[in-house]
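Paired with chain B in one complex and with chain C in the other, chain A is shared by the two complexes that follow.
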Partner chain A sequence: MLRDKRQEYLVALLLVGPFVLIYGALFVWPTIQMAMLSFTKAPLIGTGDWVGWDNYVKILSHKLFHQAFWNTAYFVLLTVIPNTLISLVIAMAVNRLKGPVQGFVLACFFLPYILPVSVVFLTWNWIIDVQYGLVQGFVALFNGGQPISLTRTIPLFMPTVAFVTIWWTMGFNILLFIAGLRNISPEIYEAASLDSAGRWRQFQRITWPLIWPVTALVLTIQLIAQLKIFDQVYLFSIGGRQDATITLVQYVYKLAFQQNKGGEAATAAMLLFGMIIILSVLQYQLLRARGEK
Partner chain B sequence: MSAEAIPNRDTMVSARSRGDGPIDMIGLVLTVITILVALGSFFPIYWAVITSIKPDGEVISGSNSLIPNRVVFDSYIHIWNNTNIGIWYINSMVTSLVITAVVIVSSAGCAYALSQLDFPGRRVIYVLILACFMVPMQALIVNHFVLMAQFKLLNTWAGIILPQLIVPVVIIVYKQFFDSVPKEFREAAQMDSAGHLKILFRIYLPMNWGVTASLAIITFIGAWNSFLWPFLAATGEATMTVPVGITQVKDAYGIVYGKLMASAVVAGLPVAVVYLIFQRRVTQAIMLSAGVKG
Partner chain C sequence: MADIVLRDVSKSYGAVQVLDSVSMHIRSGEFIVFLGPSGCGKSTLLRMIAGLEAVNAGEIHIGDRRVDQLPPNQRGVAMVFQNYALYPHMTVRQNMSFGLENVGTDKGEIAKRVDEAARMLEIGQLLDRRPAQLSGGQRQRVAIGRAIVREPDAFLLDEPLSNLDAGLRVRTRVELAQLHQRIGTTMIFVTHDQTEAMTLASRIVVMNNRKVEQIGTPMEVYSKPASRFVAAFVGSPSMNFLPVTALADVGGRVVVTAGGSTIPTTIATSVAPTVGQGLTFGVRPESLRVAADGEISGTIALVERLGDRTLIHTKLSDGTVIVGDDIGKSTLEAGAPVRLKIDGSAVHLFDAQGVAYHAD
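Moving on to the complex of A and B:
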């Protein structure tokens, strides 16, 4: 019996070993290193003096950090709620369809989601191109017949990137909403139509409250994902005034890889890390509460 | 997605006749609008594809025709001859396949141990996985870079692969599925004195073959698409992946639009094909992973 137990431990060690090794070396260790680095005045590669909380004081009062924070918050505002609402509307529309039509329509909405960000960037950068872009004819209507660069005009930058992001990622949300809608029993709607409740009332009284748990899930997943925004914002801002549209991850990138300030970059990363952990814990609590009902 | 959600035939028929009158006009209009919006959502992809097969002159003629007057593959030939796209393709394929294989194998093994074996340190592993969900990988870029630089792995396949091996969703999904395999299977196999490795590879993995396929597909798509880390780890053109390479190389293209769209089509093609072939697997994997996050 004791031999069996030892055998089991050995097998467990063999099976768990690779996982622990990978996560230890590439997750736990870099996280500890990041925390340490954030208290030093080190370049990106190399060591530096211990400076205590100096970096934190410095970053928190750094104007560009504030800019990055508010830009990220603005981007979250522009994407999270609109994306969720649009996805819900589309999911309801797709859910009423049947058979191959439904499959086709769903694929149309979902296909963008599986594309790499650079494909999304190149495609839309061509569509909004100042000289030959397809949308410029439409844009000109609002700009006195003149074309306008949607990504070089600072006030238009975030809304444009937010629009592209919604187009790109809504497929994911639509899928989750459709799964949620399918869980609502048709008998409830049947009973409602017997009471001759109209479409809007059915939505208000049945769909919205019953889909709410999925809505909350989609909202929190989006919120955390968009706080980590880098790829699209960076790509669309290449060659432009990047500081004006900088986001938090981009700020970390700039400090580390463009200014060679490893210590300060780690500090900024720690701050981002803190924000996301707080939100993740909130999300976890929210969803656990939902699970327990 | 519980079983009771599947309605029986009678309720389905009565639900279908919910519409008012013989022809549900509002319903018809809604259907048409839905299809139009769906086509609109697909349109940017279509536009990228046809731009890539138009002659340069037609691309900038301002005619914006929805169907190319003449189909040419000059743009594809140009990017093949003038960029390292072939090398980027190999880099992307190798790194994505290795990431997928390592993530699937290490996660399946660990999930089996967590699900079926009793050993010290289980709690530590749970905490590790949970922590992993909360820590943004984007925040770790600085120290991943430092670590890879220390081991001289920047601009190598290993350097691109290693930090991308952290995909905690896979292990959680595996554990849920292994938990739901009836214990009798394992006990019967143990009667026949089969070891745990044999049980894992002969019973648990084959029984959950569909899950493995779904997880592998979505891990592959994620690895192929990843941008930030490969962008940092590969600075030389020879080690870039496709998604990084097509945004970083701006040589003297002349009229660039067709060529850029050709490179976009080439970069998106593998994942688009994988999705179109394995649609149901991809959707299943997304539901599973979201179910975990939630």
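Moving on to the complex of A and C:
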């Protein structure tokens, strides 16, 4: 059916209009404002004098920024790849189950994902509590029979929070992997078993390459999410030496809300924003290229 | 090259039985077709031979080995799947090499076999492509190629032509027959298409309702169907069936009264059942020719012109419609009266259990 071209445009505009408007007002405009703010000496509220690149020079040479950067990088290292691999293994196991059992087991793994971070924090803070935590019985085996605080011992802090984060978020990754695994036709595995491919070889040559696009997606989503880590690290470090375990978003928070340095906080946020864009685009392109090889 | 023997093979999923005590002996080099309607268990039987489905009872032997407890790769069979089941991320060459790599075949040998199969199937120029870049017919060839390079004792083909368009299906059918002649390996081919079965098979295994109805050459199955089911399922257009109202004995031969006509046959009275057993008379359209001196008279309900022959749908006095045959250039029109002459040597009787009795 032929329609008036102008009418078509009008309808199209009407349909995209609300989104573009809200996206512009709530994301694009504030982002531009933040970029502008990073070049000023503004407090948290109100405007400030233009200082050019001064904030960037200052932040980049700030010791705490370096600390936050390396802590974040360490956290990313501890979560992104392990979370992806564990999720894949669990997804493959769940995928072998059938019918209602599969639904139940999947629900069990997915349940933590729907919990708010405060509940996750309280639950695990209780489990790892140094006096009555369930985990202490296990931890004591590695500490000469003595309990040890997992969130007050600095070298153990990040691995502990990483573990809790993996437990909390893997449900979603498992779901993505299961969707991907179900896309692989069972006939392909039957063909492979006739082709003398054992379990491991089937995984290596069939499952892994065919699930790769999902793996790349999960890795990228994870990378972005973990670079923005704040809640868990903040909650578990309350009352401790927060600077020792500070992450980048926490650093932004500290500058803005504890030190009233709006301009510098914006600068740190811009640096993080740039990092996330570069890293995630780079990673996704690299992973995709690998998949196409 | 090996014989395949099935002994009382049964299969059920929970309470649902899908195969009931199936036995057969497939000779080395035969082209066997499992023919039957959807859900008759033919694909399940093939998958059981392949080792993709467990056998609940009975034995499967390939060559001198009992294989029903062996994993698929140790049975010496290769399978072509309905949807080809090619590895989508591998090139054609990798698809064909995979099975040989897994058993540690020498690289040079793999390349030799793949190139040879590719030449035989005329897919040499496709070796570096992926399945997604191939047409349905090309994928089909690759799937066959993947089976050939393994040099199996038997090829198992699960409705491999059903995803091809009509023209390509006929061409591939011919090529498959030629391929079988050339390599001479046992082939078991599953289909619900009786034309494929008739044209390809050395012997057809007609299956229905969990059981084997008949095993025979295409012409045996066609001209001497073992049961009413086989008679109805094989042949297009289908056989005509008329209830028998009376039987008479004229010189040791049965004379049938059916559809209001008296029809002499060459069925021996000695072997024929007696009336009252719910007898049905069966005759194929090509044995029911338009002729002025025909035994059966009726009115033409519909004329189907196929070019080389004309199908005359004839309404009998009792309202039954049967299909007769006329020459391609038939001038008959619907509504006209017609007489059909039966070839009494090509008729069948079926009792209430569906058991068939044939003319000599």
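Here, the second predicted complex is superposed on the first by the 256 of 293 C-alpha atoms of A that agree within 3 Å, B and C clash if a C-alpha of one lies under 4 Å from a C-alpha of the other, contacts with A are read in each partner's own complex, and residues count from 1 in each chain.
Quick note on the criterion: a residue touches a chain if its C-beta (ideal position, glycine included) is under 8 Å from a C-beta of that chain, and two chains touch if they have at least 3 such contacts.
Quick caveat: nothing in here was measured; it's all calculated off a predicted structure.
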item: Which superposed partner A:L235 touches (first chain B, second chain C, both, neither); value: first
item: First, second, both or neither for A:R201, with chain B first and chain C second; value: second
item: Greater chain A contact set [chain C / chain B]; value: B
item: Contacts of A:E190 with chain B and chain C, given as first, second, both or neither; value: both
item: Chain B and chain C contact sites that coincide on chain A, given as residue numbers; value: 185, 187, 190, 193
item: For the chain B and chain A complex, residues of the former touching the latter; value: 1-2, 4-5, 7, 11-12, 14-15, 18, 26-27, 30-31, 33-35, 37-39, 41-42, 44-45, 47-48, 51, 59-60, 62, 64, 102, 105-107, 109-110, 112-114, 117-121, 125, 128, 131-136, 138-147, 149, 162-163, 165-166, 171, 195-197, 200, 221, 224-225, 227-228, 232, 242-244, 246-247, 257, 260-261, 263-265, 267-268, 271-272, 274-276, 279, 282-283, 286-287, 290, 293-294
item: Chain C-touching residues of chain A, taken from the complex the two chains share; value: 185, 187-188, 190-198, 201, 205-206, 209-210
item: Contact set on chain C toward chain A in their complex; value: 50-52, 71-73, 77-79, 81, 83, 85-89, 98-99, 102-103, 146, 150
item: Touching residues on chain A, where the partner in the complex is chain B; value: 8-9, 11-16, 18-20, 22-23, 26-31, 33-34, 37, 44-45, 90, 93-94, 96-97, 101, 103-105, 107-112, 114-119, 121-127, 129, 131-132, 134, 167, 172, 175-176, 179, 182-183, 185-187, 189-190, 193, 199, 217, 221, 224, 227-228, 230-231, 235, 238, 249, 252-253, 256-257, 262, 265-266, 269-270, 272-273, 276-277, 280-281, 284, 287, 290
